[in-house]
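There are two complexes below, and they share chain A, which is joined by chain B in the first and by chain C in the second.
Now for the complex of A and B:
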């Protein structure tokens, strides 16, 4: 009951947020944070629930972004359709990459996915005839305006796009929650806890791992598509391995294997570097320090730590 | 054609020897602690910058600067182990990986603060080019190869022939048994970080002399190091040597005969292929 109340309250707060914030820059940050929450939630599926650390989330974000942008610009797809096609496109790429990669485990898998990120990045930079390389793709169209009869919602407007990103995030959260609570989700948890045991119990683990990998990648691709049509311009830079590492950080900071963790972590990884505005260099050093401190002192992430804290306080109140 | 072929093998071996130096440190740390020490490339760049600084600002000679930088690198390695990795030694491996990422950020930016954003080339007096039957061998590259070979042989002897090396191998094989035999795991881990970081610094200096020391170089270097680890097998010293040479030579061939823009893609595809055929790496025996 309380959880449901909390969900409604958070969504309501997110809906009224732009009405109280007048600074456009904050709206901009909020949109980026929500996009990154979607990408981080994808990382959470493979890393937090399945226990396989993938360092390719940035690459899949890039594939989604370029797929959606190019479909709408070159193939003449309506923007809405290409944004929905992007996750499917990313899923196909992830299936091709994941099938061989998931034959290996642990650090091997992590490094393999890192190499894949490098490959995708190099291709984005060098396949100039398709991606226009380092200078990037300019003037990517915004989604078509929706005519409601009495008014028209134009998505070039920052506030309208805020609601688009929010709707996408809620949709993603709903799907991820459904998956995690289903039988598939329990199998993924079993793989994280003890893969040989799950295998021995008659589960074809590779199918579930491949599903988790493809699912997580398609979420990244979806986030990438929303990013592309928001920014109106993309080049390979935001899709390097750094983005993948940021997604991992978001999961770890917030709390891996929890639904709310990536939301908190995703918001922090976008907003913290902005908030620590001393000077570019110092703030990244502070960011690195903070990271190390969180891992050493709050190894399970912020959300579980806060939840435990609240529980222990309420328990203390009950016992006189 | 044959001349081209030999030329590319030579070029590949030179670059591969630097990859080997990076990979040796990574593989020793990984073999013993299971830590993917991502900050290794930044440590290498720190060494490159420091050497340049010692030579250009303080006027110290090339060789003494090189040795001083390696000593500083060893010290830095010990500090990293004590301050950052030691507290998470019993936590899941992902935690030490995140620590490594944090360290990468910090060292990278401290490098920028201390040495500036410009790329620098470590000056050497080695400018002659030797021509053997059409294969051009710049003197500098021969020295790089020789220095790398000396360091690799030195490290191998240290691990195989000395008491502390035996302790390192014992901890790698079976930590619990090593502790029971009275090996101080703490001092072994500090030793491993010192040795690995000194080798990493050496690689950074060689890169700085051969190409340049620049802010963006470190991540490329560490990723190549990990690629070597995959090729050779995680935790294997012979694997790091063979894998480094293989990666260097295949990159040189890819750049010369296929496409220099896609040389990294080709070397990573090679790595993926090796992983599929031999998931345990080329040199790792199937039984540990």
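Now for the complex of A and C:
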């Protein structure tokens, strides 16, 4: 009951947010934050629910971004269709990479995914005829306007794009929630808790791990597509291993293996560096220090810490 | 009597131009790489902008109608990163409400900005960033002083062939638009002139050890080597080529000052190397105005200006002249048109090649001559001007949009 009320309240707050914001810059940050929340939610599926740390979210975000941009610019696909096709392209790439990668575990898997990210980054830089290399792809179109009869929604405008990103985030949250609450989600948790035990119980863990990896990558690809058509320009820089590490950080910061953790973590990893811009050259030091403090004092992340705090207060109140 | 005196004084004061000029502040935005790899260009560029603003403010500011504007800047570090640059531009436009943005030393940040800035009611005056798309996209509100990399690359390719080089080995940074566009254009021109490129070896943005690539190129025994990239990497390449005993002629493109090169390589290791670039800031070539600039820059910062400083310095004077000519600080369309028709400011340091008598062509691109510099006696010495056809390139630029 309370959970549903909280979800409705948060969505309602997100819907009215642009109406109260007079400075468009904050809408811009909100769009980037929502895109990054989608990417972080993908990282949460493989890292938080399955227990495998993937350092390739940046690469998959890049594949989605380039796939959608190139489909709309070179192949003449409508932007809406390109954006929907991007997660499929990413899923195919993840399936090819994930099948051999998931034969190994722990740190070895993480290192392998890091190598994947570096390979994809190098391909994006060097396959100039396709990606235009470091100069990047300029003039990526926004999604086609939607004509409602009485008004037209043009997605070049930030407010319209804000609602597009919000709708995408809500859709992603709904799908992820459905997956983690299904039998598949329970198997993923079992793999995280004790993979040999899950195998012994007759579960073909590799299938579920591969599914988690592909699903996680598709979400990153979807985020990448929304990013590309919002920014109007992409080059390989935002899809380096730094982006993957930021996604991991968002999951840890918000709360690994929780649905709302990546939302909080994703928002913080976008907004904190900007908020600290007043400190200019010291901002990254301040950002790093803040993160270290959070990891030391709130190792499970912000969301579980807050939930624990609220529960403990309510328990104290109930105690006579 | 008092009334009469008051009336006379009032009339006299009204008749005196500027007597009631209001002192106002014009806030302009500044986005550049102030940290990270691009800072080697961004920080000197910022210093040059600050110096130009200090000069303009010291000379009374910008006179627009009855008002007198003193310039103030709001500056942010874009780290030469596309997302950061977009965030900075959004912040400057949406939150700080600036109408003019200067800076952009690097291609990634400049390219990202150019991709959306056409929809904004601001004017951007780009300095050093060399990616072609910054102006080829055709935004009406973007103006750049540095010519794109391929404009200079073509002249460099012809020059190397004219030096009698038949086979060329290339060592170049892999992923920086300015350098890749320059390199592609150089290869095309060199091969059209009958030359042959034996190999193109590349290095990444963080690499400092190029001995593997140089060893391979040495084995191919080309007539000459060509090295391009950021200053530090090119300096390392020259140093390592010398350490490997490579005796062939070395050409290059980086645009670094002698001080920047000798931080990494010795003067002996640099001896005879060429830098083929648009004639950026160089006091020996540009004459007394440039010498005076060096004095002022050294006095303020206790260091020599780097070659790229003049691009941004000149842009501040472009802004001043445009505002004074347009007599407005708010009618952006009128200011854009004024800049497009603007002659070269008298304080400009670089020798611009006007297109149809104007500093900027239809796409907002300015051109300067290309030149060949050779390292002699511990410094870059100007050898000759390279053929630079600004009008032809401007026509070519009109035909592309990437």
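Some points to look at:
Operating definition for what follows: the second predicted complex is superposed on the first by the 317 of 320 C-alpha atoms of A that agree within 3 Å, B and C clash if a C-alpha of one lies under 4 Å from a C-alpha of the other, contacts with A are read in each partner's own complex, and residues count from 1 in each chain.
By our rule, a residue touches a chain if its C-beta (ideal position, glycine included) is under 8 Å from a C-beta of that chain, and two chains touch if they have at least 3 such contacts.
All figures in this text were calculated on a predicted structure; none of them were measured in a lab.
In the superposition on chain A, contact is made by A:126 with both chain B and chain C. In the superposed model, A:28 lies in contact with chain C only, and not with chain B. When the shared chain is aligned, no partner comes close enough to touch A:310: not chain B, not chain C. In the superposition on chain A, A:118 makes contact with chain B only, while chain C stays out of contact range. By the touch criterion defined above, A:232 lies against chain C but remains apart from chain B after alignment on the C-alpha atoms of chain A.
By the touch criterion defined above, A:12 reaches neither chain B nor chain C. Among chain B and chain C, the chain that touches a larger number of residues in chain A is B.
In the superposition on chain A, A:167 contacts neither chain B nor chain C. After overlaying the two complexes on the shared chain, residue contacts for A:178 are found with neither chain B nor chain C.
After overlaying the two complexes on the shared chain, residue contacts for A:88 are found with neither chain B nor chain C.
Across the superposed pair, chain B and chain C both touch chain A at residues 125-126, 281. The touching residues of chain A, when paired with chain C in their complex, are 23-26, 28-29, 32, 125-126, 128, 132-136, 138-140, 156, 231-238, 274, 277, 280-281.
Against chain A, in their complex, chain C makes its touches with residues 34-35, 76-77, 81-83, 86-87, 90-91, 93-95, 107-108, 111-112, 114-116, 119, 131-133, 137, 174-177, 180-181, 401-402.
Taken in their complex, chain A has these residues touching chain B: 47, 53, 100-101, 103-104, 106-108, 110-112, 114-116, 118-119, 122-123, 125-126, 241, 245, 248-249, 252, 256, 281-282, 284-285, 287-292, 295-296, 299. On the side of chain B, the complex with chain A involves touching residues 30, 34, 36, 84, 87-88, 91-95, 97-99, 101-106, 108-110, 112-113, 219, 223, 226-227, 229-230, 234, 261-262, 264-265, 268-269, 271-272, 275-276, 279.
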